[in-house]
């Protein structure tokens, strides 16, 4: 974990209100694990006030580049969209606990919903290195939400798509694809990141099929490093409220409640 | 007075931390008077919160262009310095009471200190149209503060300079030049805008010589249109506190106290 | 989609819509009428009026803080007589109902103001300011004691037939106690919050920034405190609550209505966005329409009411 | 230019410099020690400790407001025994003095906490939190009544030889009254302010944003209120005042010292600028040096002291 000012290296517009930012930090890139995140603070004034968390989308350990895939939803992301190469932002990271990467020579199913795709690219790239076959299922509201899927082509064996409006892939929710995929592909582990109802459904299906499942949670954060105790979720087996920033953002699905 | 969103037409860096912004609004330009100001709000968030007042530096009634000459001193001006052609800002104006422009075929002395130069260009241009001879005296901390003086060349007959560090013009305060200038030039009216101690000295000299004198004041403003009652100065002859935004910013020197 | 009924009724004070402009931030409405369609406002609350003209506080009067504003105007106003003679004739033609905000040093002052304004055509209600932090005598002193707040309310209540709103200070341990006291004393509604007490120091001169040392603190910064106050008071009193404090957007306004406000006032926001009140009005209407809410009154207090 | 003496003495609590980190915003100092030179801090105030472990409040706990932060953590902490056993051994090696912030439901709780912590090597002082707005029993209730505040103070005072700081709530009509009561009861210093009471409502769900409905409000937004409180209290009490509330820059810190604070705590600012405490420390030193001030103590209260 380090606190650094980084210059923007590149910014690409992927779709309406979606961007991929390239930053460079050999030291962060070196230690970053799939599923970890950084926080970004880019304005010196007090509105917005707090840094915002973003998953590490991908790393290039040779160049030290790493990517952030983000959507414009509010104050900070709006400012991020205006960043140009050379602009300086303050980054804290890498933070949190990443995905379990013990799987080797096996089969993993990755399920992303909306911007929940963001951490899955890094995950897929790491899983591929360990000689796994990767099956990807991505859901989005419409085809605008699927403009970044090419990034999964190299690492994944198959990519299944669903949109709520049917503009690309199957019409409906991505979770509707899952029973079939699980039957055909027989994954040894499932990873998912996206809206809570989607992850809840994935958790349910995985439990039915007795497949280990990891979920990556989102929540409002203040400190990002475990001191403010603000970023809680609910545990299924412990009295204390786990902190998404340090105990997560990745949890085993059965460890946490996903009913919002 | 109108409230409009205007696009930046041009922005020129004049010197370290000094810029001239070109905006276009035929309707504002048409009615604007020398000495009036506008307020600018350019961020949608709450820090900085209030619009900031800036003098109208010059107008081009044919194109509708008008200029703002400003210095970077804090939050809003820092954001202004980042403006690029096409960016939108919210402008309220023209506001306030401008300089007295009754003088014709006569001689006016204009004294600017620091960014107090800003409103004097518009004033000089208006006075010139009425066939007056204009004598200009400008003081600044150093030569960086005199980088915009070329703008006075067309309208003024003579420009006298002083810098506190002696890097350009006479070393010392601009007010030290005045007794000589007043003797040689015999102005019928004096206008001044700049730091309070400077204007206080000008007021004193003008009173000694019995020359009518106008000062343009600066103060913190909230509304700019006379409703918040926050932008007061002290009157010499009235119980009430005059409002710089509506009763000013230009006052006859003997109307107001200039001791801070 | 049908039209949304935005009208609200504050114990007889009927307003076409719940968006008002706050005292001291809108003058008497004349200035903003040059750039804003003020006729669309639910009501205009006047700058605080006193019996005699007041020249206000000396020295620096306003200072910006992070997302907030400090002011120490000190109730500068032309006095009630000049208001009636020189301003009211124009002001009452602006369109919206006019609510006169009044301030006194003594209970007698309040009574006289109420009597004087009560029989003026064009005044729709009184907002009794017992919470101004910027004046020495009276002002906030009345607003921090339930007994004194009740006394002022009772006195004004007896002196006029107009609806009487009492404006409360947030600078108290328990604002509901004061609200209950003025309700009991006959107030038709409570307006809250007036400004918090704040200050700033100039590190160059090493003296307080404001001429009056402390000032009233308003703007987006105070919104969480204001909303909490409205939430607390609205659950305790039966009379309508008029909410304010940092309201800048329609989303802010909806928060206050859900917390229990029957109407809202826009104050400091006028300074950085003169169109704020009308944008808020439009936004509230859309919000209702999108959710199939046919009357704004159905939203009031929904954040705590049993559904 | 000579070196500036930044040391301050709070009735026997000697600190190398006046820059502390505020309770609940710095954990026990261990996390930030990975990215900040925490050894340079004047002191670290621990997360609020209670007798038993607390799991804190359910639901959403933090929410950003304009230039501010709402929190409803609810004093989650491992309990005093676990603190002493599992954390203190590491914490006391960080370098700065450690001030234990304590919270109880009853006076007996405070006494037991004071006794338990009072004989631990590595604890330099106690900061008695009688102002937490996020817990039901105790907490702020003690902080809004001069009598109860005095009782807690007296009890803690008797139970330990450590310097006792009492942390005051701004959610009161007159904070100086509480400050005088705890001074009288034997406090060695007062820390102010704890958080204001605020809230936010989610206009989509139409329910309060925070699980606990209301929350503690902190950050730059509250600075004007905090500074005013320090200004008022410092002129009334003789014991040192530790100022906090929105301090983010050295300029802010200097304002608090000029207002009468002997030391300052940095809270919410750690979240958006973990280097803030050290930048403040450096900035204060420069400010003194540029003005020829040789000891920071010469600045305390200069905004109101006769010169």
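For clarity, chains are labelled A, B, C and D in written order, and residue numbers in each chain start from 1.
We adopt the following convention: a residue touches a chain if its C-beta (ideal position, glycine included) is under 8 Å from a C-beta of that chain, and two chains touch if they have at least 3 such contacts.
Just so you know, these numbers come straight off a predicted model, no measurement behind them.
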| item | value |
| --- | --- |
| Partner chains that chain B and chain C have in common | A, D |
| Chain located farthest away, centre of chain B as origin (C-alpha) | A |
| Chain pair with more C-beta contacts, A-C versus A-D | A-D |
| Centre distance in Å when chain A and chain D are each reduced to the mean of their C-alpha atoms | 37 |
| Chain centre separation (chain B, chain D; CA means) in Å | 47 |
| Chain A and chain B: spacing of chain centres that average the CA atoms, whole Å | 54 |
| Numbers and ranges of chain A residues touching at least 2 other chains | 45-48 |
| Shared-contact residues (touching 2 or more other chains) in chain D | 66-68, 220-221 |
| Category of the chain touch graph - line, ring, star, complete, other | complete |
| Contact footprint of chain B on chain D as seen in their complex | 66-67 |
| Contact footprint of chain B on chain A as seen in their complex | 45-48, 75 |
| Chain D - residues contacting chain A, complex | 24-27, 31-32, 34-36, 47, 55-56, 58, 60-64, 66-69, 71, 73, 76, 219-221, 248, 268, 270-275 |
| Contacting residues of chain D [partner chain C, same complex] | 65-68, 70, 144, 171-173, 196-201, 203, 206-208, 213-215, 217, 220-225, 227-228, 231, 246, 251, 254-255, 258-259, 287, 302-303 |
| Touch list for chain B against partner chain C, complex | 1-3, 41, 46-51, 92, 219-232, 234, 239-241 |
